[in-house]
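Following this line, the structures themselves.
Here chain A shows up in two complexes: once beside chain B, once beside chain C.
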Partner chain A sequence: MTLLLLSLLACGPDTTKPGDTLDGGSNDGGSSDGGSSDGGATDPGELPAAAAARADLRLKRWRQLSLDLETALELPGDALCLETGLYDCRDMHVVPLGGTSVPNGLYDTINTVAATTGLAMERFVLQACWNRAKADKALLEAGQPAVVFSHLSDPMGTSATAEELNAQTSELYRRLLARDPLQAELDALAGLHGTVLAEGAKNADWAVLACFTIGTTTEALTY
Partner chain B sequence: MILTLALLSLPAPAKPTGPGIFCDLYPEAPVCAAGSVSCVMCHAEGGPPSFNAYGTDLRAALPLVDAYEDELPLALAAIEALDSDGDGASNLDEIQAGSWPGFGAEVETECLPQVGTGNSFYRVGEYDPHFAFKRITQDFCGRALRYEERQTLQSSLSALGWGRGDDGGEPEGYDDARQDPAVLELLRDQLEACVQSRYWQEVVWEIGIGVVQPKGYNSDLYILGNYEWDLRLFAYATTGDRDAADLMQAAYLVVEEPVGSGLLVAIDEPRTETEAYAQPLAAQDRFGLITTRHSLAMNVMFAPVPRTLASHWYRELLGLDISLSEGLNPIDELPGVYDWPSPRDVDDKGVWQEDCASCHTTLDPLSYPWARYNGIDLENGTTGMYLEDRATDVLPETDGAIFGLEIQTPEQWVAEAVASDAFSERVVELFWTYVFRRAPYSCEAEEYDALWTAFRDGDYPRADASRPRVVEEMLHELVLTNAYGTP
Partner chain C sequence: MARLSRRDLLQAMAASGGLAAAAGLGAFSRSAQGADGPRFLITFGCFGGASMLDCYMPVSSSEALTVEGRGTVISYDTVQPEGSNIRSVNRSIPTQFLDLYRDQMVVLGYQASSVNHFTAQARSVNGRGIYAGRTLGEAVAAVHGASMAMPNVNMGRGGYSEPGLDPTLDVRFRPEIVTNPVTFPLSASGWRGVIEQSEGEGLAIQDPEMMALLVAHSRELREGTLEQLSPFAKTFGGARRRQELLYARGESGARMEVDDLIQQLFFVPDLGEVLPLSRYGLTPSEEVDRVLSYLPDAFPTDVSGTPRDRLQAQAALAYMLIKSGASASVTLTDPGTDGFLAFDQSHQSHRSAQEAHWDRVLNVAARLIELLKTAEYQDSGQSLWDRSLVLFATEFGRDKWDTGGSFGTGHHLNNGLLMVSPLIKGNQSLGRPDPNNGFISGFDPDTGEAYAFDDIAPGQDPLFTDERLPPGEEPVFGTVLAALGISYDGQETLPVVLG
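Right, the complex of A and B next:
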């Protein structure tokens, strides 16, 4: 489905899938701890060239993922992700996301990436973004300001200004990665807007995908 | 050893022509195809001018009559068939396979040389306080730094003279951030705050699950014991300023007070009848995790000789797995009877046989001291109790051995156990592995050893630490290792 493919779209240097980089070695030098590309100190248009050889990254476990999304998206933990609207992802995906399960006799946390880890993380982030968007939509309809997706003047529309897109992207970068986006990253997400809308989606759909794309970068999922 | 050389690519500094000449000769080598050759292809870990094994061979092959650049191609060709790093693959094979001819196969990728690479965000190859602070927050508070926190951190560290990145500089008089008391205070305050968090409590609980291996139900009325007592004890003994030896020596019980608060409190005796049912032993018979109702029921069950009990805790708290032939200290209980050292086989299970004795000469004497603790009793309600006359038919005395030392009582058993290197190393391993998600690399072995020996000896730089085996003190040292804080 398009959603998952889109997550592969480049937005700066850190779009490697989580599984690719967990224990270092094979990453392409785009990130040292995922943060090697965080902006601020240098010319915002410039991507950092060098990375650490160690690339000794750790994947966030479910509690970390959950806490980060809770704060970033201002949602309570139990409203982040429910599979089929019923099962809390924090329980359902606990083992692939590095937890234990006493009822199932799984006493040791997995320290590598399970086959389903990437998928579980993607579902978690995607649903969290989606649920935030739903909550924001409800707020807007009630005449209140949106919390996260607040920069698009016409969420259900099919066009947005560069300023709106950049403001929304920056909001998401600050919330999800605690930094400002690089120029290349702004451009990549603006590009994503074009792609998504060409497929018949709305501004609000782009916003959720942007959230998902940023939230599933190596930088967001590892440390 | 195959790895992605691109990670080590360096921007070419002034003089070196080595990389270019190398790639003229080996254009197809993965490292050249990827764009550039690291200096440490030939030079040593710390960078030029020292050489690694391959570079040393290369240099020896240079006549040094002409400019070395002119001689280099021939010298490179001359050492192709050698195996400079002695890992079994020739230099040429390694170059073509994209691995390092100068570093042996026993060196993990992560241990390969790091040199400053002009990274403007992190101090690659040195202890980086920005990186460490971020990681501490993620590991012990369970969360990423927020945007504003990150700004604040950057300005505080910059104000102290520790700017970001390889060119961030350092204040007069320091060449390592860990020498700066102000940096240490910043990191320690953060860790101190984080280990109080609910998140870290939950993590410790989760580490305990691996050790306790809970089975059954978490009810105090459950005949096979409520494992939550065990998990609470684990969490209590490995937090605060407690000596982790309590894991095997605590006579106290741990409750959560008030329930649901996450606050753990040690009590000397059960406070209700239900609690007394859940933990039926008298205080003098309690030895931490080993003698909880859950542990005795699940591990002793109906066996007169509690081999599984001994082997479980030998493995989980001392890191010694007898089934993997670890921690074997054979005691020959029947000298001269067989051609091999053998146990007495007190319960007639055939363990005297040569094939069995290799393990059971250790395991059986390790079990004897615990023979008076009852496992499951479905009829008379003595599950998990201490019974003076239990198993006296097969073991009139409970004399046994641990680490080859003769002992008589459980008290002596645990005293030897907690004083051992094995115990300290194991407790540190539990936390290290949770944090790093892996065992130490070979290049981290020295730091790791320093960590657990200091833990064992209670030897911590922080002034207020005086007791041995305090996990939180160990964590304060762990976050200051290169393994932890060097990107």
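Right, the complex of A and C next:
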């Protein structure tokens, strides 16, 4: 919600109606209908963002990162990310993710971005996306609808329609960034599909990578 | 699946569009700032006050003064091995350590400026801010670790892990905090080892080499396109935290992945249910067996992931960091047998605490030094140890009087410290413990001649203004850096240590 408000403030009152954005960019975690017919794209011309004079961003700490991923991907916190299947990322990466470690005598958080902060965030998001994909696959195999990765008719296939890709991308943008993607962003993610499939990947690979890519933008990791 | 060469991976990484790419692959070269390669600083933070009176500057029991109502100056049965200028408490580990390294050891009187734990710890590694506020680790990282992935790794606690105050210092040289040396390598990649290999999903991202390529494509899209065109990026493009995160990803993060530190730093083998590395496509360093032969208690035995001996695990990671060319400065801290207090257990029982923890840090330091001796620095004919300095940062001293029984002691400014290195003039004990009050004196910084507190009445303390007190944080700081080939304006040193 904070991100949404920041975006609204940045856009200014003359460009996007708050009501429109709230409807189109809600992060209620339940949207799986593929959004609007155009995949939820927003015309870039509607968002003439101006540089913020006081760009005082904060990095999401481990708890915020975890809670946001829990909501976005509808997974419990302890199922988001376990290193080697055993060690909860919220504990293991707590210091580079802005936490403290009393057992190690670290009572204050580090007031900088550690060398490993970016990598720890990537690991956290990547595994959360992977775990969501696995859970969705299990749901589909059980005859139930997938929660997040629901827009690809053939996940193990090597082709998908533009509508499928746009719908899946829009789903991820709404869940991870609480907004609709720009047309240029839809095009970029569709381009990634072509690129990774040319390397030998499948639709499901792209879906996880799209989740990772969107979920590790600085827009997703700061507030 | 496509099989990628190391060069392919480098190119894929460079294609991700980060700062590393902008800097070119040459940024990953091993060349150091100095013409003859890097020097390495290993700091043992002796948490709680490691008293030199209880190790290498002891008062002999036969000389110690007893004052009625006050007690007896803390004293020991002492030994001074033939050929050594250093006196030791007569206990196996300190004497063995002395036998092994006396020609590279300097013991000197040292006067701390605070008896607050965190303040004294921080000052012991930042010289009270004498070098623009940089810590020893930061100073070494900036000179010797400029091309390294994690030039300044800190496994310390409290003040030993505090960053310095120099605002001009590149954030890459700030301490990289490590809480668990065993699992830390998992922080050195954004993707490798994240996804289990044996789940039978049949996806490309389960193949590590394919994953490297696919993640590189994803990052290229993210940094090169999405981070440029989104309204958020346009609005907050210049935000400091955003820039720092992008910098960390494109600079340090890229270096860690190119050097494959997630695997190179693993000093433990696949431990099955405790640490199932192979199931996640991870292969530990080929040095595992050798490291564990020197540091056998460095690995965990249960799913807590906590190593059996945390200090040995720190030493193992320190070695791996130096050996792999990832770090120029590493800081370790004795976690204490209770997990916390270490030397500060002296409040409860001075002698047993000092004995247990001196033995512990000396033992682990010797194991680390021997490991470093076995590894050659590139093809120089020199070992890694030939280029290293170990500093035992003792925080502060303890009270000087044995009041009987299993007495405890409070904090005291007066103490000493220990350096071991082939880069200094060893076999020296600088300063002298006074049997009348337990104070360790200063010394002439050029000749090493000890000052004497002869005119101070038995049982009385020297004044704070007494010029015979030992050197404080600033000259010790300057001396350590000078030994490592680092100079700065106004640097104060102890020439007798440097030889």
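Everything below uses one rule, namely that the second predicted complex is superposed on the first by the 173 of 223 C-alpha atoms of A that agree within 3 Å, B and C clash if a C-alpha of one lies under 4 Å from a C-alpha of the other, contacts with A are read in each partner's own complex, and residues count from 1 in each chain.
Everything below uses one rule, namely that a contact is a pair of C-beta atoms (placed from the backbone, for glycine too) under 8 Å apart; a residue touches a chain by one contact, two chains touch by 3 or more.
Small disclaimer: the values here were computed from a predicted structure and weren't measured.
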Chain B versus chain C as contact partner of A:114, first or second or both or neither: second
Contacts of A:166 with chain B and chain C, given as first, second, both or neither: neither
Partner chain(s) touched by A:56 [first = chain B, second = chain C, both, neither]: both
First (chain B), second (chain C), both or neither touched by A:67: first
First (chain B), second (chain C), both or neither touched by A:95: second
Partner chain in contact with A:174 - chain B first, chain C second, else both or neither: first
Shared chain A contacts, counted only where both chain B and chain C touch the same residue: 49-52, 55-56, 58-59, 105, 111-112
Interface residues, chain A side, partner chain C - complex: 3, 6-7, 10-11, 44, 47, 49-52, 55-59, 83-87, 92-96, 101, 103-106, 110-123, 126-127, 130, 134, 137, 156, 177, 182, 184-185, 188-189, 191-192, 195-196, 199-202, 204-205, 208-209, 212-214, 216-219, 221-222
Residues of chain B defined as touching chain A within the complex: 3-4, 6-11, 109-110, 112-114, 117-122, 124-125, 131, 134-135, 138, 142-147, 149-150, 154, 164-165, 199, 202-203, 206, 209-210, 212-215, 227, 433-434, 436-438, 486-487
Residues of chain A defined as touching chain B within the complex: 23-29, 32-33, 35-38, 40-42, 48-56, 58-60, 63-64, 67-68, 71, 98-100, 102, 105, 107-109, 111-112, 174-175, 178-179, 223
Complex interface listing, chain C residues touching chain A: 1-2, 47, 149-150, 157-158, 161, 163, 171-172, 174, 176-177, 179-180, 183, 186-191, 193-196, 199, 201-205, 210, 213-215, 217-219, 221-222, 225-227, 229-242, 244-249, 252-253, 256-257, 274-277, 279-280, 282, 303, 305, 333, 339-340
